[in-house]
């Protein structure tokens, strides 16, 4: 034992946080938080025991997914999701271009920049499901609300990333076009756009992939697509169909991810 | 070949006819797909509602100001639940994700069949959105905080372990060789070679996921997962837009705060 | 004494890296391996402590047949072989001290090493070594905050912290600038001689090899094509190892450098410059 003391006098590993008060303070805060947080969990054990039966049913159902009983609904749901994804990506892609030019500090005057940035920030800060709820109330249930939701969400994503790319473009080539007497539009077309177009297409394809994933959830709040079909199946406790839908979702998401990443790899 | 010879004179065009045809067809194909999709969606749309949308939106806005500040009294406890869902969901997910990632990484997996199992878990977990997980779980454990924690946790297992196992596979091999060359045992190689290299990545991934989970837990209440999402949904259903606005502001503030904490922590660990 | 006989290494994909190597390193002897990249130098060094598993052949260290050991026995055998790496192979996020102490992992239990509780004599030796390589004040600095030369010094300290009988050195200087490279070589050779260790060093810089070692082994396409003293390494020998080229300058400067003691080099870090006389 005395050996250890001896060794520690020679050298011991310095603590991660040097200040002793800070170290113990952080530990204390974490413990107090954990105590109160765990206390606020109300785990209803009897309810869970009842639910476990249902969980077991669900598990059994997942071993026997039923693709046939509600086949037409599943097919329609998938098509709806695909349709929403395609239109939303196009819509979002087109609208994000002017916004991103406006939100790039090296192309736009300050007022335009600030307006565009704040539009992008607000759109990005709203979760896609919140957006979906709002649009469903505004335009009614169905895939139209879904397409608009995804389109909006895409604008935030594409606009911000594209604006960052534009800000990172080579300043010299812009100067070169300006030096030949080119107008603002010519600078954009000849110097900026060629530098960002590949990235933009890559991002759009990536966004296509994300839009499909999201199209599977917004149906839960009434915005159409395969999510709505899943919601119905769960509402009827039809777990075999729900299992089939989940498998379909997983398969399409995986396929989408594979296709999108292989296209993006070829682009660069 | 953009330079073409015509009547003995060299000319430059941007694309030769074949190229330009292919390009045209690509765009045409895309346009047709989108048109069909748009028609499909349009056929299921009640245009009366859509035309009414701007008026509706104006109505929401006018009804939502001034926001009903007193509603904060209900929002704050729900916000506390939301944060707890994210914290405990993430923590639980990390506990499961670390072994899963070690099994899934090519260089640490004990056997290829375990690797396949781990990869399947990862794929299933992350291909299904947490809201869908919540929909399933609520039917088993009942609505509430616990369902939310499980849903967020299950989804995060896949997300976290994917990033983790990729970082394990990209680890710098040389220090590990050096530690093995000293005669260290397997556990010691892990502790001295792997852990120091992976720890900062793992902390970064976890904190990032926590940030994402804060966002997700703000809405998980919509399907019964507990937290502030439930209030948002009920306020909108009651058309109480002044209360909905309060919830939205609270969500926004929480998300922005979580984002800045996450960014600070991640900057500190690298 | 290290005895290698009939060593063959075939990688599952790709060419045969070693085609029957026989080599002996006597106790206290310093042997340099030279050759083009891809000649199998690195594979040969790594076969000895079985970081690379040899395909055929025998390797004996002080009577122990290394190729026949199981996992546990191999770990014990590895404690006797220190290794210094080209890219230093430090664990970047550990401190200098932790890196040096990791040389003792073969001797310390899992739990104690996890808690960083090393026996006092290990810590004392580590401190002495850090003093010796000029890094005493960097004990708790993270390894990734050091310069290349400093990092290699930590690598050297780690290898010697093991108290090995044999030092395996894999291109210790090729990531360093010429001046630091010499300082590092001098330091390694001094430490090895002080402790009477054997050393097998794989090095592509012919000048450094002739300056600092006693015996030179030329490897070409997985086979030994030259073995001799630095003086015997003439143009003909170089052509055998590296192929046809004008070697006049190389062999002449090699001879000139053998006489050079590296005077006039002022080190940026305090390295003892005293006994830099290259052996022959």
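A, B and C are the chain letters, set down in written order, and residue numbers restart from 1 in every chain.
Throughout what follows, contacts are C-beta pairs under 8 Å (C-beta built on N, C-alpha and C of every residue); 3 or more make two chains touch, one makes a residue touch a chain.
Everything quoted here is computed from the prediction, not taken from an experiment.
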Between the pairs B-C and A-B, the one where more C-beta pairs touch: A-B
Chain whose mean Cα position lies farthest from chain A: C
Interchain centroid distance [CA atoms averaged], chain A/chain C, Å: 51
Averaged-CA centre spacing for the pair chain C and chain B, given as whole angstrom: 48
Distance from the mean Cα position of chain B to that of chain A, given in whole angstrom: 5
Chain A: positions in contact with at least two other chains: none
Chain C residues counted as touching two or more neighbouring chains: 98
Interface residues, chain C side, partner chain B - complex: 49, 51, 75-79, 81-83, 85, 87-94, 98, 102-107, 110, 113-114, 155, 158, 162, 168
Interfacial residue positions of chain A with respect to chain C in the complex: 3-4, 6-7, 10-14
Residue ranges of chain B touching chain A (in the complex, touch as defined): 30, 33-34, 36-38, 40-42, 44-46, 49-50, 53, 56-57, 60, 80-81, 84, 87-88, 123-124, 127-129, 131-132, 135-136, 139-142, 144-146, 149, 215-216, 218-219, 222-223, 232-233, 236, 248, 251-252, 255-256
Parts of chain C lying in touch with chain A, wherever the complex brings them together: 95, 97-98, 116-120, 122-124, 126-127, 139-140
In the complex with chain C, residue positions of chain B that touch it: 172, 174-175, 177-185, 187-188, 191-193, 196-197, 199-200
